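The data blocks that follow each hold one structure.
Two complexes follow with subunit A in common, the first pairing it with subunit B and the second with subunit C.
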Partner chain A sequence: MNQQTENIIDIRNLSRHFGNKAALQDVTLQIPRGKVFGVVGENGAGKTTLIKHILGLLKAKQGSVSVFGMDPVQQPRRVLSRIGYLSEQPDYPEWMTVTQFTNYMAAFYETWDRRYATELLEMMNVDPSKKIGELSKGQQARVGLCAAQAHRPELLLLDEPSSGLDPVARNEILSAVIRTVSNEGRSVLLSSHLLDEVERVSDHLVFFSQGSMVLSEPMEAVLSKHHQVIVRFAGSLPWQKIPGVFKASEANSEWQVFGYGEMEASIHGLRNLGAEILEQRLLSLNEAFLARSQSRLPLREAA
Partner chain B sequence: MNLHLTQHSGVPPYLQIVTQIKQLISAGRLEADQELLPIRVLAEKLLVNPNTVARAYRELEAAGWVYTRRGAGSFVAPGTTSLSAEKCMKQIRERVTSLLAEAEHMNVSTKDLIQLVREIDNERKKGE
Partner chain C sequence: MKMAPITALGWEIFGWNRSALLMNAAIGAALGVAVNVVGLAGPMSIMLLVSFSLLLASSFSYIDLNTRSSRAGFPRHILVLPVATWMLALVPILGGAVFISAFVLLWLRFLTSIRLSFVEQLALAGAITALSCWMQAMSWELIRVRLAKLAVLVIVSLLATLSLVSLLSEHALLLGRTGGTVTLLMTMSCGYFFAWMALVRSRRGDAGEAGPSNKRLRTHGVLTFGNSRMPELASGVEAQKWYESRVFGRLLPICLMIVCTLSLSMLLFDAVRSKPSGIEIGLVLLAFFMVSPLVGSAYAWKNPQLPRAMLAPFFAALPLDDVELAFAKLRASARSHLLGVMIVLVTIAAIIVLSDNNAKIEGIWTNLVAHQGTVGAYCVLLLLALFAAVLTWMAGALLMAAAFYFAAVQWKNGALKYLVVFLGLLAFLKYTGWFLLNRVTLQLLLVHAHTIAWVLLAVVLILATLSFRDYRRSNPLAALGKVLAGFVAMTAISLVLIWQVRMSAQLHWALSCFAITTSLGALIPILRLPVEIASNRHR
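Then we have the complex of A and B:
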């Protein structure tokens, strides 16, 4: 089996409108086996709409969605049985004990591994005799994490799983991501606002803005291409002339210039404009995200 | 094999792993022919993508600090590094240059720094 080329998710030209608002615009995305895909974007950028299409909760009206080679709306059982899903606000029956709940989940999944479920709960220090309604938010998330993993899914789908959780619970989620991808051939799609975490665990980054996928690149490329150069320049710096530069701001004749692509190319362009280079560095994912979020320019990469 | 990753340091995680393993080997806390933690185990411990650890191990191997046996894992290379003397000097030179810059920034004189190097070296030799 060629793991490099086999895509477990294949989305082509997917668009979705809610009223006048474009929630997704012409999104094409393939996710191969064995990779962690980090999905980032501001609230309302389209991340959850995308995930709902993958789960078959929304039907593709324009474009196509294929998961494990199937249409998730046509074959929900066969698709969902191979996905583990955890959302920000899991909706679990509060009156059930944890054990009752895992037994209930086991009935849905042929591949449910009871021993593994017990192991996971023990590892995360969840008391299986407690009622779900009595658990803290962090403990409930752990139950959700167990429910998303115990059938050993080929795809783990995490939609803002860490929001509002304590650091220990957040680390357990990251642990689950690493464990999933370490298991040959399993993939993870992680949508999160916690960019440090996305940076740590992702192989590939997908960036949504206002329904469009504005960036889809290996994480290593994202981190080695986003850069900041600080220059001295009197007057108005015509930074728009430099390919790859997408944002610049001035304070006391020092300009902060943000670029995407080869840092040397940006520096060269700035020198040609007569700017004096003071500082240069690569950005973290968090910094790159902030710089881009405030910029509405289409992306052009420096040659 | 205790490693610690810091975020916001500006140093990419794979490089932090490389540096810390080199330090563990230099300090004798990892011995020749000792097996490094398997990639998956270290990845889960550090909560980073397994490819990040794999990249660090590859770099260590390329630099002669570690050797790999197919299907068995990665091991600490015996003896000193297999790098050429010239390459070793180049790497040391880079480290010393950045150390000097740091010392200058902290108002530590070069004289005090040399004194410190001697002291630490003596301590190490006593420990042996």
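Then we have the complex of A and C:
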């Protein structure tokens, strides 16, 4: 299988500006089939803008976006019929009953599986006779998840799906759906603020900050490479000289140094600067996110 | 600085409508100046006044509109303020009524020859206030069933109009002056009472709740009108067409049914029945020509309160090509338009049957039959109906495309183009009548009819070339097949009808060119809409 068909999404040098604000800057990203990609970043980092480009709702003005080998703007029907999409704020017609809504959606997708849709609604405990407007926000999100999933899309795009789901739905339903999709060899792009959820279900992590993609690594690598070293050092620590270290802060001559790559290399670099090592540990995804979100240093791993 | 609750509430309402109010004030002032400069005749000025007053009324509707459910209600954040309910209801109603009344009275004073005494001005303001009360009561979800809301508004409009006519009429027709005054005061106070009651219920949290009788009515409505029936949807285009019809397709028939019901109700009174029936027919036709193009543009709305028409992400992400999305909207609008035309035709027939004074209509018909014969006369009527239907649908579809276009461009460009369109419209209103009634220009039109058809054909061909890229994405033959068949059918029917009518060869030729021009014109929105939707959907 060649690279063209292997990668269902191929984004190259994509940039987008809204007025003076750079929403995306020179993003290059390939998503292979069968993987769950977690996209994280602070508010306004560019996650939704990226997803809108994949859906063809935004036109690539600089760079290119290819989904299933096609331009989603040029061929919306052929691309979108293979995608399931759940947006952060689902704007479904509230006057429709759930049954009407699923019948309406079924007409758009040749691969819509009515039995599977019914099963999903039952699993999600949604009353099909109710109007969408009468459902709670969480129930509406469940309906959206069902609609995004019932045609067994090759790519499932979930943009902050957890914002409407309660913890039970998040832990059980969302994870189950993502696992099912992944096990069937289909792909998922999950954008979320909930890092524990992203850590639990994703194979690969993409980290956006202020429109730039600052990290794109397999999840295992992300978790094994982000580290923190606490050192004692009097005066100003020239941490920028150490490859892989992206942030440091000081309180009472104790420095918290955050690095990416081999922890031993960071320790070695710090010792060479004359720092006394007090503590060292790997970071959780949450800690790595917090450290990363305040730093936009390019990737420069500690060897 | 501590503000009195009523002042704070006034500011809140101003803030709520700030952009709409400023925009309407600017448009109103521009409209007034333009009417004054161009010097539009009385009826045209009144027509503009009525349509603009309706626009103002919609700006003052103080509601939280949920467009996904099409449900409205009093803004919830205001309900929790420590202000008496009577004041919560009074301030928005009074604000709207004062603003609209002032606008209407100033317009009448400075832009028409109509002069009203103080009492008559008070009566007009009273009628506007009464309508404001009832419109707010209905929009604050006093009752939930839309059909019932509609019925209430129709009855109230009728009562307010009758009272006003009785008060303004020199001969004290209809209800009489005393009856008119009492009816107006009753309508106003009841309207305020029900608006207050709607707010009381909203504060209690049970506004719009269906009570047992309400539920029965809803069930009956569903059984009667098939509200929740859903057809078998064979494809995405069919599904989208069903959606568009369900959300926007009822607007035109409902608007026309209000006007038609009002016109027919007026015939219950002897005084109206004895007047020439042409007045009611004119009212119905005027409403159709004014409302149908505007409603056509509604298919571009995402949210009626947003000035920018755009596709909501949910619909933009549906697997449909831009051409298919455009066709779903156009087909739904055509179906709704056809229904609107049927309502108008049936109403006109009913007015003729119910009226006691059809002398003028009968005179015109007799003349027509004498000149054309019975078949020819019917052909003339059919031709008029056909051209009116196609031209109004075309205007609505063009406005729909324009709404998508203006949403996709920078607002400054959009505003500039709106201004150009607005001034163009005024010039059109002013000079079209003169142009068409002038013998020399009419002769010129007749002589050069074929040139106009050729020019339009060139325009259509240019647009077709520009739209080709968008059509190529779908199957162009499949997409355009039905359109081309429709174009051929429409042209053929028109030509057959034209050649049934007895007239000079030159007129036959000119009218044939006009028929072809109209059919070609209908192709313009069909070619343009997918391009505008694409620019709106893929920004």
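Keep in mind that, in the parts below, the second predicted complex is superposed on the first by the 285 of 303 C-alpha atoms of A that agree within 3 Å, B and C clash if a C-alpha of one lies under 4 Å from a C-alpha of the other, contacts with A are read in each partner's own complex, and residues count from 1 in each chain.
Criterion: a contact is a pair of C-beta atoms (placed from the backbone, for glycine too) under 8 Å apart; a residue touches a chain by one contact, two chains touch by 3 or more.
Since the model is a prediction, treat every value here as computed from it, not as a measurement.
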Query = Is this a clash or a fit when subunit B and subunit C both end up on subunit A?
reply = fit
Request  = Give one of first, second, both or neither to describe whether A:I178 is in contact with subunit B, with subunit C, with both, or with none.
outcome  = first
Key: Vertex subunit A, arms to subunit B and subunit C (CA centres, degrees, nearest 10)   = 140
Key: Residues of subunit A touched, compared between subunit B and subunit C (which is higher)   = C
Request  = Name the contact category of A:V36: first (subunit B only), second (subunit C only), both, or neither.
outcome  = first
Query = With the two structures laid over each other on chain A, which partner does A:S81 touch: subunit B (first), subunit C (second), both, or neither?
reply = second
Request  = Would you sort A:Q100 into first (subunit B), second (subunit C), both or neither based on which partner it touches?
outcome  = second
Task = Enter the shortest inter-chain Cα distance between subunit B and subunit C once the structures share a common frame, rounded to whole Å.
result = 28
Request  = Return the residues of subunit A at which the contacts from subunit B and from subunit C coincide.
outcome  = none
Task = Please give the residue numbers of subunit B that touch subunit A in the complex, ascending.
result = 7-8, 10, 12-13, 40, 43-44, 47-52
Remark   = So, in the complex, the side of subunit A touching subunit C is made of residues 52, 55-59, 73-81, 83, 85, 87, 90-95, 97, 100, 103-109, 131-133
Query = Which positions of subunit C touch subunit A when the two form their complex?
reply = 66, 68-71, 228, 230, 233-236, 238-239, 242-243, 246-247, 312-314, 316-322, 324, 473-474, 537-539
Query = In the complex of these two chains, what residues of subunit A are touching subunit B?
reply = 36, 171, 174-175, 178-179, 181-182, 196, 200-203, 219, 223, 281-282, 284
